[in-house]
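These notes open a run of structures that come right after.
Presented sequentially are two complexes of chain A, the first with chain B as partner and the second with chain C.
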Partner chain A sequence: MSSHSPNQTHSMGAPFKFTDANLATYQEYLTRYDDVESALLPVLHLVQEQIKWLPQEAIEYVSVLMNIPEIKIKEVISFYDMFYDVPVGRNMVHVCTNITCSMFGGREIYAGLLKHFDTDYLTPTRDGRISLQKMECLGACEMAPCMRINNDYVGPVDLADAINKLEELP
Partner chain B sequence: MTEKVKLTWNGKQIEAVKGSNLLQAALDNGQEVAHYCYHAGLSIAGVCRMCMVEQDGVPRPFPSCNATCGEGMVIRNDTPKIKAAVENTLQFHLLNHPLDCPVCDQAGECGLQDYYMKHGQYDSQMIDKKVHKEKVQDIGKNVMLDAERCILCSRCTRFTEEVTKTNELGILNRGDHAEITVNENLKNDYAQNLVDICPVGALTSKDFRFKQRVWFLEEVYTTCIGCETGCSVKVSQNKNGSYRVKPVFDETVNGHWMCDDGRSIYKHVSSPTRLQVASENMNGLFVPADESRVVELVTGKKANFILSTSLTNEEYARFFESIKGSKASVALYTLPTQGPEFDGILRRGDKNANLRGAQKAFEAAGFDHTSAGLDKVLNAISASDVAYVVVPEILYNEDHFNTLLKKIEKASTRIALTPGETLSSMKVFNYLLPVPSFLEKEGHIVNFQGTQRQLNAGLSYGETTKDISYYGKWVNV
Partner chain C sequence: MERIMEKDTANYKDYSLLSYHHIPGVHNLEVFERAGGYEMMKACFDKDPEAIKEVVKASGLRGRGGAGFPTGVKWGFFTKDRNAQKYLLCNADESEPGTFKDRYLVEKNPHILIEGMIISAWALGTQKGYIYIRGEFQQQAVILERALKEAYAKGYLGKNILGKGFNFDLYVHRGAGAYICGEETGMISSLEGKKGQPKLKPPFPAIKGYRGLPTMVNNVESLAAVPWIMRFGADEYKKWGTEKSAGTKLFSISGDVNKPGVIEVPLGTTLKEIIEVHCGGMRNGNKLKAVVPGGSSAPVFNHDESYSVKMDYEDVASKGSMLGSGAIIVLDETRNIGDLMKWTLEFYHHESCGQCTPCREGTGWLESIFKRRETGKASKADIDTLDKTAASMRGQTICALADAAAMPAQGMIKSFRSELEAYIMTPTNTGKK
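So, the complex of A and B:
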């Protein structure tokens, strides 16, 4: 649910296609479920693995590939927080601001990171390296305050730690 | 297959088909059940939670739209528990409602208003700011969307998914940010049905909005004459005019729906340019004329009648009776096919509303109704003849009609019998005479299935007493 303006679509300016490896993975996904629709979530994640976000071209591609109407795909994308229909940075950083993490300073870390990298919710940093997103529960209260850098959980962290970790990112 | 079961609804015995929808069974038996998302023509969504019922032996209330009828079920929806459930549900539906009833077109036939009067009447407990959404959105095909009034019953998204299969609409985002959105503007030819099935004022008709308050309108139940399907419709009208056409459920012909073309069939009936009195062509301008002058003009001349296919069976019969014993020739002008023969839902390419009735009447009277017959009559017209043309009520293809008019120019006296507006192409006529429109006469037409369909008269905005048989009598003067 990256944009709240439903009528706006974002283009990446080039056609989208799965790589051969991802196309094979897609075929494997289809064998997991009774119907094609059920494979939509993993398929959208697969697109994001390939190009980080879900431009209009990718939505059209998946729509044709899976024979699902575009609007159904957009419903799914807009429902879930971790699907992005706007361009994001190379590295995705989720900062937990749910109750436990907030009690340990999660919100302050998020605000501090935004300030340090001079950016906003989901907006990539100017070098295109990082997108920050505050999250509801990441399910790791024992690590509070915690954050997720790409696919790795980090915590407990303080603001200085967090900045150091993010500055190391490629 | 249709095994009947007996069940008890609020202590009253009702009968229903085994396995049929419980909510529909209750409605069919005259019981009141509040509901928004359930629609007999769509799949079950179970999202509005208004139709809750309690069953003996079942610990919790459940929505009746998602239940089926079984023998001996004991159902209640008048218990305090259910009343509280419905009231609380309604409170959530109205949480972010903008309360703009005074400027809302749905007012008077709105599900939110109706159920608020029955199940609501509380003061709002909402202390937070309401969520605002986009209000005046033109989503195409004469449909306007107001996202703030929407209660997310999903009837419209199910309609575009299941009935038209065009999938233009969806619900984007989540929670109180969820709203109906168009992926691309509506492109289906049944879009006005969305306005009908919307239980609130979220989807309104661009054609109808701000024209009339619904409580000032009366309904005429009649048949659409837009094509040979002959859908059951109701036309809303009052003394100032007709305002809209809505479909009426008819299992054998149109089910719940009708096409967008049929929505505009009312327009000529109360149009300000509708022909009201006999008019004479004065150098291209039609001015009211005395009927006796027309009678004088046609007396003793050979009459050629070209009838349209949108008249009733009774009119054809009366007409042929009226010209009996004269030498008048009669032909039938059929409208050309428009678009595909059948679009798979309701609309048909053959736009001749009562072709079958006309053919039968022609055969009974011994006239040729084929296009060859029409050509024969047209070719035989001589300068001293009178040519009467009954103008088709709904003209989709004016060019095609104009070619017909070209062919009658030979006749010195050309008279149009028209139930509608004066078109620019009518300048070829010497006289225009008014006849009743489909909304001003009782009668029957025969649709593509061969089924008799009833036309009913509503209020009249034009000449209603002089149908074509009145003018037909002139041949024997």
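So, the complex of A and C:
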């Protein structure tokens, strides 16, 4: 197991607030729902668009902004695989390890990528570039084995392809 | 059903769902309309909402998300009070392993879903709707958002639609990676900004759903079928499929076939035809060993069952499995059922929401047998333990996830016991590619 201290876009302890543009997006979200709580998932996605993950400072900010207890927000964060309460890399890579992808080597690709980038589940690479996450079925089994690089689906891939694609990431 | 398709013209009579799919740029509203899109929406505003519900009911359309409950009957449980606050919720969570049909449908043709939802909203009298799409489908969410913007600009959504005095707002809501949010009450919890934990039924969402208000939850494919049904009528729709399984169905096919992908065929099409004709046969000319016919929670078919089954709700059920979401995973003779079982059970353990003990603990116990195998500590008797544990989980929980884990496990034991016994006694992986 390796554990690095990554270059974070947001350091622990620094205050968090939405950019003006994201604050405007937040206000627009509120018009979509008949209560504030329903906007929580979109808001957490928006925080991650801004700083990639959900540090304590962001949770406190959202709690005040939406008047939702911190513990409720933490429950939600821990429940969903795509909300991150640990720092992650600049690029998020999801590798499918469900049935069809595993038939075509998805698990070996995930293990091979962890080894190549000398990292483990979600831990950013030393340069802060990439976080790897094994995922359940991504809903693209015709591309098996498939992965998501940020929001792009790619597949079928083999380990060499996958390494090449990830090495090109900024 | 494969024909040479005319460009820019929807092949209404060949398909109900993919009739626009061959048209370049059909994700643009203008192109979609030129091919006949939104015509039925306009026509339906002159129809009595109750009459629309009757047509959908008479068509025999059954919920395409997995349960197969008749959509028109479900609509019949909904309040007829048009002034009551209520919601229409489209289930685009699509996370049953092996399923990718809804993604395929909306990423190319988002407007067919939006048109279906507007007609459904008019029939049901809902003022607001959400398309709950799984978090991973970020690109598809963007495609839908863009399509919604176009529909708003045309006055097909929002206040006083086409001057008919009907208001309907529709939004995309992204999930964040949780299988259980595909269960309708889990989805409602998630939309409410909570953990996606299912709620006890009754009350059903049609009576008490999102925010405690009446909520109609339908799958993407069900809602997208509505415009076609309204165009040609219930009788035409029923000409496809079987007596009890009417219409066409999207199937997602993956695994050891030459051409994996999404096809639309009438319900009742044989699995043999789907594999050999539509999917180009078995990969590498290998022999078929087993098929998961309806997503990972459907019990597996062996070779003979696979080649004799017709893909409709009744025939699949009569052979001991279920049609589910129409996700077909094909395994050839080189595959080991032990691997399939291990991957399936790991998945359900990971995705159990944790609120019911038989599921939270049971899915862990089922998976633990495969952990013991890694250290060489598993024994043949573990297969019996697995079978008994699975049996004890069924019907004991708020939602069907425990059953969804137990059913395929028991199905594999029933059909492939000796292979599983050998697998469990082998300390390292076998059948690997």
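Rule of thumb we're sticking to: the second predicted complex is superposed on the first by the 159 of 170 C-alpha atoms of A that agree within 3 Å, B and C clash if a C-alpha of one lies under 4 Å from a C-alpha of the other, contacts with A are read in each partner's own complex, and residues count from 1 in each chain.
Here is the rule we go by: a residue touches a chain if its C-beta (ideal position, glycine included) is under 8 Å from a C-beta of that chain, and two chains touch if they have at least 3 such contacts.
Please read these numbers as outputs of a predicted model, since none were measured by experiment.
When both complexes are overlaid on chain A, the residue A:40 reaches chain C alone and has no touch with chain B. After overlaying the two complexes on the shared chain, residue contacts for A:71 are found with chain B alone; chain C is out of touch. Look at A:142: by the touch rule set out above, it reaches chain C but stays clear of chain B.
For chain A, the partner that touches more of its residues is C, with chain B and chain C as the two candidates.
Using the contact criterion defined above for the overlaid structures, shared-chain residue A:21 touches neither chain B nor chain C, since it reaches no partner.
Of the two partner chains placed by the overlay, chain B and chain C both lie in contact with A:79.
Of the two partner chains placed around the shared chain by superposition, chain C is the only one that A:103 touches, whereas chain B remains out of contact. In the superposition on chain A, contact of A:94 is made with chain C only, not with chain B. Put simply, chain A uses residues 72, 75, 79 to touch chain B in one complex and chain C in the other.
Contacts from chain A toward chain B in the complex involve residues 1, 4, 6-7, 69-72, 74-75, 78-79. Within the complex, the chain B residues that touch chain A are 157, 161, 167-174, 177, 179, 181-183.
The residues of chain A lying in touch with chain C in their complex are 32, 34-35, 37-42, 44-45, 68, 72, 75-76, 79-83, 94, 97-100, 102-105, 108, 135-142, 144, 148, 151-153. For chain C in complex with chain A, the residues that touch the partner chain are 85, 94-100, 103, 128, 134-139, 169, 171, 173-179, 190-196, 211, 252-256, 260-262, 292, 296, 327, 329, 331, 335, 339-340, 343-344, 347, 350-351, 353, 432-433.
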